[in-house]
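The following blocks contain the structures, represented as structure tokens.
Presented sequentially are two complexes of chain A, the first with chain B as partner and the second with chain C.
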Partner chain A sequence: MEGSSFAARSIQLSFVAIVGGAWYLASETGSVSRLFLPPPREVHAALSRLVETQAFWSAVLVTLTTIAKAFAMAVVAGIVVGYLVTRSKLLIKVIEPILSGMFTIPITLFLPMFILFFGIGTGSKVAYGATYAFFPIVLNTIAAFSKAEERYLRAARSMGANAWQQFRHVLLPGAMPVLITGLRIGFFICFASVLGGETISSVAGVGRNIALAAELMEPARMYAWILFVILTSVTLNMVVHSIENRVRSR
Partner chain B sequence: MTVQTLPQAQSGPMRASFARRAIGSAFVLRISLIVAIFVALEIYGRMWADPAFMRPPTAIFDAFLTQILPEPKVIEALWMCVIEIAAAYALSIMFGVIVGLVVGASRFSRGAFFPIVLLLYAIPQVSLLPLVILMFGLGPAAKIAFGFSHGVFPIIVNVVAGMRDVKELHLRAARSMGASRADTVRHVILPHMVPSLFTGLRLGMTMTLLGVILAELYVSQGGVGYYTRVFAESYSPAPLFALIGCLAVIAILFNELVRIAENSLTPGKRRTRALKSSVKE
Partner chain C sequence: MSDIAISIRGVTQRFGEEGSEGSVLALDNVSLDIRRGEFVCLLGPSGCGKSTLLNIVGGLFKPTEGSCTVDGRLVDGAPHPDKIAFVFQESTLFPWYTVIENFHIALKFQGIPRTEWDDRAMAALRAVGMASFARHYPEQLSVGMRQRVNMARGICVGTDILLMDEPFAALDEQTRMVLGEDLSQLLAATGKTIVFVTHSLAEAVFLSDRIAVMTARPGKIKTIIDVAEQHPRSPDFMLETRFSELRNECYALLRDEIRATVAAQRDPQFAGA
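Up next is the complex of A and B:
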């Protein structure tokens, strides 16, 4: 990594320090309304109060369950549909542009439809998150399996590999890197869209609690929730990257 | 084994030519698939669907003509949406290119600042949506701000990536042939950056659309979000679908605009390859 030099590291650290210091000064001196920017100690107090409540953990559980369901559906549907499409060059030519064209439109547009169909509960968020995450997964699956080198397949065939062996030892290893990238992108899109769906219209979950704290004008609580989401997502990022690297290096 | 593979090898060329002809008509097939989906929706909507949740496409188009077009307030909300997207995208390009050029200027600045950009990019911005609305109010400012904060990062990242990938060999060749610093930027670095820049602009547009739409839907007191809520709560799917359709058309037109700009400004590359554009990284 290029940023490992001492000077670069100190610039990064001082960036964090400046942001933190500016937050502290601006909020403590009252030059910014505490409605927008509560002092760090208030946010800290709100966060430590929050994690002790039962409501906090049940909201987190609702969101995590929703994400897990949505992602599982997107993975199964995306990989199965993607793989089947790549079994024919014609199908790729017909279907891939439709899917990639749809993916450039924000699927968020259809959130009101999901809420109309599945109600305001978690069902609409599962469907919305699954639909959004389906696209990167299916597109990367198509890209991954359609790139398979014909001559490797021919070599495997000429050495007597059956259909399953061709898939297991030629197609799948070749497809794995792009496939994994699709899963990672799909996961974080799923994460963000479930949160967004909850923020816009729901009755429970983390996103709902952020919106609720904003509506009730409780900035410290809102910042505490936001901080929790950011920390969770940074942790998830690291976990997912290490999984990805492990799968790739195998 | 040889006996098994022999018939395959014989039918190979014949099948290939058939496949080639069929691929030539892929466009026709694609269009007919889309038409078939609409016909299926029409039949389903007329025969079985509950009119409180689902209406056939013709009824939705009818609602567009009778309930969307004649309503000046709905049209105004949609037009506002267009302005917000354009403003947020313009800001994203401006700041994205400037910040990208500064961050990517040298190996040192890239090492120092790029991790900060990536860290900010990784934050799930949707968790900040209520805060952005609190800060900028319910009007267009909040939506522009949210669209901008979504759109700017992919542009920065791709500008930096484009500058990083300039080949040292080309730079040295230009220098050894007596190119000045300005010449090098004009004739080596900029042309090299164009593909990567447009990848950023395309992604930036997708993200700007996402940011603006998210903020529009979140604010249910006015704008498009108000009408989606009213239509959904009164169980009138036809105008709701028509409104969503209008937004989808707006999104498609903005995306097309970027694609047309890309195709006309990228030398030697007539069409964006669909497969390449679909993979985000």
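Up next is the complex of A and C:
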């Protein structure tokens, strides 16, 4: 177990090293134009300059706040709607296909409508991210609670468990693994759609700065922002995984 | 206090509206009195309504007609966790809780004060020789160990009546026999009233004071067989001529019912006839 996880880690790290090495070689030798791909040291220098500015941190704050709001809304709406749907077999049969059908529509197409309704500011990105993240959360919530096993509920009822105890000690722990998967997928969809929305059309935030750097032909600055997003996303992924493992091992 | 622990009176159970398609008469006017401290097996072909009858006694649902009283108290479709505990198959241990937490939660549901949880759980686990596995999750145990724990969970809540719904059905024959002996010993020690659903002839004869042999669907009680043998019973009982005679008697009674069940499964028209 220890050995195989060490081997897996080594391969993963080698992959990162190869990508980094290819980037270094391609840009330093001049085989790819600096305009498309500046060398790592320039991106590093741009990033070092960026993190010292007030503007950088206020853009990061705008984006993180937007993600947090959008995700919170998606979680509440997704879990409440999902749970209520599973209270009836007929509702599951009717609603679940509608929701999973809607999830296949690229909601990005409606981004202009979100901006029309909620304005160019963060409001439209909150609504857009929340809408996108709602679907994986609600679908996984439905899956989680509808597969609740009758035998556990029957056992709990025979022991005299009341409705709340049946929910708290039987339904919820039984649903937890699938529920958590929905939250994880929802979170990363939320993260991606907020940044995407900001990049396409906005006045503030990380995505806006990426688009701006591209428009101003400042590739080093643009890659510095992107590098920051990648590092954030990798960190968040590790945090989410450790939360997930902790919940699962319960 | 009367000598009768459970009294089943004219219980009829129909699933679906009478006359509608798919309507099934599961139990037809079943009456049975079970004495205090008695071990009664409900033996019958699969689908004869024996589990349904057990669930009605335990208050998991209300019969279409008839009634059931426990210690003179009407059951009426609601569980009475102070009087009755169920033991289902071993797979009803909650997989998200450890062994000891499974006991705690059962005691909590039953409304027993928290201060008693640990003592009662550990006593029950010691009784089945599983005390050292208290911190394990059910999936870390073998099927036989899980069923020991599950039996102990049913016993630790301290009810006078234990309803067991084919608890050993998922176990291999050897584990079954060992657990059957354990159960016979536990019984002799606690004097509980037990109703046990099974389709195993040997299990019924080995464990029961009385065997209620049921008919194919709609379930009725065909005959009641007395097994006059003291608990705790040793495996030697199985070697006695009397054991095989009783077993054969049960089989002779059941054979036609099993044939009727198989025929009904083959030809859907037969069920309505």
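In this section, the second predicted complex is superposed on the first by the 232 of 250 C-alpha atoms of A that agree within 3 Å, B and C clash if a C-alpha of one lies under 4 Å from a C-alpha of the other, contacts with A are read in each partner's own complex, and residues count from 1 in each chain.
One rule holds for everything that comes next: contacts are C-beta pairs under 8 Å (C-beta built on N, C-alpha and C of every residue); 3 or more make two chains touch, one makes a residue touch a chain.
All values reported here derive from a predicted model rather than from experimental measurement.
Colleague: Just chain B (first), just chain C (second), both, or neither: which does A:G119 touch?
Modeller: A:G119: touches no partner chain.
Colleague: So, does A:M176 touch the first partner chain B, the second partner chain C, both, or neither?
Modeller: Second partner only, chain C.
Colleague: When the two structures are overlaid on chain A, which partner does A:I200 contact: first (chain B), second (chain C), both, or neither?
Modeller: So A:I200 only meets chain B here.
Colleague: Based on the superposed arrangement, let me know which partner A:R151 touches: chain B (first), chain C (second), both, or neither?
Modeller: second
Colleague: When both complexes are superposed, which of chain B and chain C contacts more residues belonging to chain A?
Modeller: Between chain B and chain C, B touches the greater number of residues in chain A.
Colleague: A:G160 in the overlay: touching chain B, chain C, both, or neither? Say first, second, both or neither.
Modeller: Both: A:G160 reaches chain B and chain C.
Colleague: Just to be sure I follow: which residues of chain A are touched by chain B in one complex and then by chain C in the other one?
Modeller: 157-158, 160
Colleague: Which bits of chain A are touching chain C when the two form their complex?
Modeller: 151-152, 154-161, 165, 169-170, 173-174, 176, 250
Colleague: Okay, in this complex, where on chain A does chain B touch?
Modeller: 1-5, 7-8, 11-12, 15, 35-36, 89-90, 93-101, 103-106, 108-113, 115-117, 136, 139-140, 142-143, 146, 157-158, 160, 178, 181-182, 185, 188, 191-193, 195-196, 199-201, 206-207, 210-211, 213-215, 219, 222-223, 225-226, 229-230, 233-234, 237
Colleague: Within their complex, state which residues of chain B touch chain A.
Modeller: Answer in residue numbers: 1, 5, 19, 22-23, 26, 29-30, 33-34, 53, 107-108, 110-116, 122-131, 133-135, 202, 205-206, 209-210, 213-214, 217-218, 228-229, 231-232, 235, 237, 240-241, 244, 247-248, 251-252, 255, 274-275, 277-281.
Colleague: Would you pull the chain C residues touching chain A in the complex into a rising list?
Modeller: Residues in contact with chain A: 58, 60, 79, 81-82, 84-86, 88-89, 91-92, 94, 96-97, 105-106, 108-111, 157.
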